[in-house]
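By letter and in written order, the chains are A, B, C and D; residue numbering begins at 1 in each of them.
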Amino acid sequence: MTKKRTGVFVCHCGNNIAATVDVARVAKEMSAEETVVYSQDYVYMCSDPGQNAVIQAIKDNQLDSVVVSCCSPSLHEKTFRDNATRAGISGFTCEIANIREQCAWVHKDRDVGTEKAIKISRSAVRRAGRNQSLEPIAVPVTRRVMVIGGGIAGIQASLDMANAGLEVLLVEKQATLGGHMLQLSETFPTLDCSQCILSPKMVEVSRHPKITVMTYCEVQEVSGSVGNFKAKILKKPTFVDPEKCKICDDCTQVCPVVVPNEYELGLTARRAIYIPYAQAIPASYTLDEDACLGLNPIRCGKCKDVCEAEAINYDMRPETVVEEVGAIVVATGFDLYGQENLGEYGYGKVEDVLDGLQFERLCSASGATSGHVLRPSDHKVPKDVVFIQCAGSRDPAQHCAYCSKICCMYTAKHASLYKHHVPDGRAYVFYIDIRSGGKGYEEFVQRTMEEDGAIYLRGRVSKLYRHNDKIKVLGTDTLTGQNVEIDADMVVLALAMQPSKGTADAAKVLKIGRDKDGFLAEAHPKLKPVESVTAGIFLAGAAQGPKDIPETVAQAGAAAAKVIALLSQATLSHAPTVARVRRSHCTGCEMCVTACPYHAIRLENGKAVVNEVLCEGCGSCTATCLRAAIEVKNATQMQVFEMIEACLA
Amino acid sequence: MEKILDKQRLDDWIAALTDWEAFAPAVEDGVWAFRPVVGAARLDHPNTKQPPKGFAFPQREVFFSFEQIKGEAPRLTQKLPDSKHRVVFGVRPCDARGTVRMDRVFADHVDDVYYQSRRNNMAYVGLACNKPPSAHCFCLSVGGSPVSSDGLDVLMTDLGDRYFLAAITETGKSLMTTAGDLLKMPAAADRKQAASVHAEAVAQPQRAINNPDGAPARLKASFKSPLWEELAQACIGCGICTFLCPTCHCFDINDEVTGSAPLKGNRVRTWDNCQFPDFTMHTSGHNPRPTVGARLRQRVCHKFQYFHENFGMHQCTGCGRCISDCPVGIDIVHVVNKVTEHAG
Amino acid sequence: MIDVQSIRDAARDLLAKGEVRAVIGYQRGSRGMLAEPVTITDPEQADELVWDATCFHNLALYLVEDRKALAHAQRTPNLPIAIVAKGCDARAIVVLMQEHYFKREDVYIIGVSCEGGGVLVEYKLARLLNGAQALSAVIDGAELVVTTLAGEVRLPASEVMADRCLECREPFPKEHNVVFGEDQTSRQLVAPFTALARFEALSEADRWAYWCRQFERCIRCFACRSVCPMCYCDECVVDSITFPVAPETTAEEKANRIRWIERSAVRSENITYHMTRAMHLAGRCIDCGECERVCPVNIPLRLLNNKMEREAREHFGYEPGASIGGPSLVASFRDDDPGQFIR
Amino acid sequence: MSEEEQAYEPKIVAFLCKWCSSAGSDLAGVSRIQYPANATPITVPCSGSISPLYILSAFNKGADGVLLSGCHIGDCHYIEGNYLARRKIYLIKELLEMVGVEPDRFRMSWVSAAEGAKYAQVVKDFVADLKPLGPQNKLKADRT
């Protein structure tokens, strides 16, 4: 190796540094270093003349590396790296020795300060002496985005990105777009109709020239990295050609198979061939292969016989397509907390104990009861309804430790809607606290209590059971200390929100982290709330954590903005200070693979291989590797070793 | 010169050697080693874990220190060993014979000033092995004996309550003379007892190399023998056999840098070891002794062939350390016998 | 008590039927009663195999050597290699597989249970025999059966067994293809980490005085790392030359090895070496105790490794050698790892 | 404190993560909080990149004390680097204490970018704790 030619530039920073540090002495001491061929001090290194002096010195002395002893690298590292680049050498050969914030400003004694400044500078000189000339890594990008999940989050993100000119692939597992929002009756706090605000967006998505909607599809495999992902998508057969289907509904009239209707949460039934709901997007029927008698004219074939449009085709087969995209938005949403987990509230055992979404369907004009609140068991109008909040939330001992955030509001909405439907009925709400942070939220809760007359009881329900045709609800009102006993006609549980099954699947396929509750983990809880830990994969909606519609829409917009910014460039630029594997030393033990927070390392033929685009250069691998087989460029163990020596010389 | 020393008076003799720093076997955490004599010295050791070779050939030796100010010529300062006189008590005859071999190596072609200056200030007071100190002793088959005085300045023989001392060298004589009245003239009975103890010692059963004289030629003929790999199969490549050997003398020279502006440090010699896989590693990545077999062959052939060709004697004194301390049972007696039996 | 013939039969069968390409086991050596490692390839050699209380060696080391030899020869064999493995050896094999050093199907594990005993320590036995020469030593239940010239002696096994065996929590090779001997995992001889606890009760000054003495004795023969199946790196970080040289190895790399320690066998370098080794074995050491056994200058290296093992067990719920698929100790973490020491 | 202790200035190597602790020490500077000059900082990408060998090496080269500082748990710029560090550093700390190195020779702290005063305090406390211990000779190489 030819010896480095390093130049050292010591800044006075006016008197900021020079008052405590003998800058001339620092410059002189540095010239004694093996690799230093040029050394000077100057009053303001960052001034124009100072910067020009650096550039000139690099050229005049054929410097290949630079150390600037000055203020914190957070202020001028970029300045001097740019200078190095302008002078024709790699900016990554430039090191900053912070002798202001970490030295001159915190010490008074000139001798002591000077000694420490020498150590800090010498340490930087040693590091620079082993810096490689690196250039940023350029990655070409595919200007296409895949959105996983066709609920409100996915719809909003797709529209925002498509409107910005990006090509969008919207992948939804169900037969229609819309997600859970489609099941809602009204939305808090304005009580406007959910479908009325969602349907236009769904239509917009379906008609948008930049958006390809892929319903009844699942992402099976994703490879590649930011800018260039490859996604393998499974298209499940619907056995109905949406182009031909006229939505005449003749097929469902003849279909002999009856199964519970998922969209109505089992409150009603559907046929094996069905349309999830009337305004489904795409507007077409789906033949449920599992329920159908056999996809075979010999077995049944009634729907095919009756279909005048000849839209039904029993020979459709699952199909896999591979799509290339530059970024991915994950909007896989939530599920309600498993009902089976809440035996104490009789769910599934005691009739007329419903969950929140079922109650939405009871209230909805398009629902099974055409908007009349009737209890499922006997279709009577329930006169006493108990709403139980925090069903599964805020219970670290048995259920979810977290607050599901939206239940206070939707329970208030339910109580309010119920009172609108059944003015002479009584709505009881058991709650722990009321959390109503949000624009107009607190007022809405107050209206529910005061104007709609919902009875709020602070406390938990200890027990409920069927008693004749009533549900006996036992609880405590902790405000009065009284035991409460209610003979209810119906009970509605505000079940906790949990990450949907699709969220768990997506996390696995995309290899992105999940938090302890299973929600998708953001790259940084404060500063990167819509980024996943993997570059190029973004998060939107309740898959990342419980949130309501406006928050979901805002986050979807934010994710879209990040994608738009990312894909606005022809190539991506990535810092070259990434990990490098010494193949001769690697034994393929996989410790670095496990330790890497970015999944940037994989084993290939028994050796670690770094995906330079994913690597952020944190060095967790270096410290974990037992044989120094992996190191971050320009932050190598050798460099640290020499810096330690410099600090103690 | 022959004398009798009352066992009780050993310490007095050591104390009388005021010009000498005295060492004797002592046990620490179950390990016998030559240590400076503090208080009473007891010579009831089996054999020390390490031979006394480190006195003249320490595991680490600084040759010189260097300092180079940027742009100037390097300045070197030689670091010669101190000139203290050191005497070691309780040296076993096999180890003393090891010293003879080390002396040959470090005076051959060039005088190694570091070795010589240490060696010239050393004296070895040996102790005959009335019984073999280890189950793996085989000094008799390599030209030695449990009562050999080769390489010693004084040979002591344990006669029960007293030692029979024989001066071997002038240094030995002066050590004994310094003792003055402590040493008595031996009576005829003492001489007779010493002679019979020696005879009994030599008659003790030992392990044996079957044909030591034929070994050099037979080993030479066995260079390509497949037995080497077979016998070395279990070798783990550690350095026990050679680091504990009284005759192994390979070393490495390194610069231990202590500062870089100015560049300074020490040039240091440390023991090295032909059983380490990296011993013969070339910069190119080529290793001429890539296998355990090749490395075992080197160790054995150096001792029983190459050294013999150079110096006319085996470079093994039969102390048995490499056998008893080998973690996996590699047994030089067995190896030499097996290879020489199947030679050609 | 395991009949050694059953091990021999198993080895012979495996070789004769061509199910394995070699068997790594123990044989009687030339040094009296002590067993030594052997690799046999011929079914005829199976009768040379032995199994007794001197089978100290952790033979997993030879799986590593085998792998290295194969890599050197650029050979990929189509048959597994069989190995006789005690509980500790089997745990070592698990760690090696966890670190992808070889695959499960590459190894045929002939498990041998230590049952109520373990391996002996030569000096403990010599003390009890009072000068008599032992010709063989087999553990039978809680007793050691020693044959001497004067006849058979039965000694309490616990008085001659190695500390590591007395403290062993798993004297049965859980991972195996075939296993001989009873699973007596529940036996309680001495509580695990007893020696460590005794040592830790010393004051800081006494602890330092102790280790100072130990590390000053070290001659850096590297037997500890040479005998360790986990020290399978081609090049140890404390060595100052580049050992594995590949075509892409640059001259700079060769010339600029970091010298974390010097070759001089002095206290400071010795201690850095041993502490680095203990750190590198954290979560990997399965307490076969071989490093301590082979140390020619009696450095109690098990204490260091035991310390790491106990911390990992108590604070991170980590058990080395328990699972082939689990993450490595230092490459993973738990949210509730101890952090009280951090200010 | 004796005069000798007063005169003795311990040498400290301080490994600071770039994102939190180094930034925190910058804030101490901007706030002009005075603290002893004994600790020379080495900025590393993340506390998770600190190999136990760095610590042993610093002691080997004669550091009287070694300080490690990173982002608070949950705040790691690299998500989980400090979790990995916490486990590894715990082990090396235990090992150092086991062989009888004074526990006060080694210190780890979480210092965020907003905790300039905390960084200054950590250094002050460390220096004060190190002074009574005197020079570190246990692990220091004797290079004569």
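Basically, a contact is a pair of C-beta atoms (placed from the backbone, for glycine too) under 8 Å apart; a residue touches a chain by one contact, two chains touch by 3 or more.
The structure displayed is predicted, hence computed values, not measured ones.
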Problem - Selected pair, greater C-beta contact count between B-D and B-C - result: B-C
Handout entry: Inter-chain centre distance, chain B versus chain C - centres from mean C-alpha coordinates, in Å
Key = 31
Exercise for the section: Mind checking the centre-to-centre distance between chain A and chain C? Centres are C-alpha means, answer in whole Å. Expected result: 46
Practice task
Find the geometric centre of each of chain A and chain D from their Cα atoms only, then give the gap between the two centres in Å, rounded to an integer.
Solution key: 36
Exercise for the section: Scan chain D for residues touching two or more other chains and write them down. Expected result: 52-53, 57, 80, 84, 88
Exercise for the section: Scan chain B for residues touching two or more other chains and write them down. Expected result: 256
Practice task
Find every residue in chain C that makes contact with two or more other chains and list them.
Solution key: 237, 244-246, 249, 260, 262, 266, 330-332, 335
Exercise for the section: Pick one for the touching-chains graph, please: line, ring, star, complete, other. Expected result: complete
Handout entry: In the complex, chain C residues that touch chain D
Key = 200, 204-212, 237, 260-262, 266-269, 271-272, 275-276, 278-279, 282, 303-304, 307-308, 311-312, 315-316, 329-333, 335, 337-339, 341-343
Exercise for the section: Could you pull out which chain D residues touch chain B in their complex? Expected result: 143-144
Handout entry: Residue numbers on chain A that touch chain C, as the complex places them
Key = 1, 516, 582-585, 587-592, 594-595, 603, 606, 624, 626-628, 637-638, 641
Exercise for the section: Write out the stretch or stretches of chain B touching chain C in their complex. Expected result: 28-31, 33, 49-50, 59-60, 135-136, 233-234, 236-240, 243-244, 252, 254, 256-257, 268, 270-271, 273, 276-278, 281, 283-285, 290, 323-325, 327-329, 331, 333-334
Handout entry: Residues on chain A engaged by chain D in the complex (per definition of touch)
Key = 72-74, 98, 100-109, 112-113, 115-116, 119-120, 123, 513, 521, 523-525, 533, 595, 597-598, 616-620, 622-624, 632, 635, 637, 640-641, 643-645, 647-648
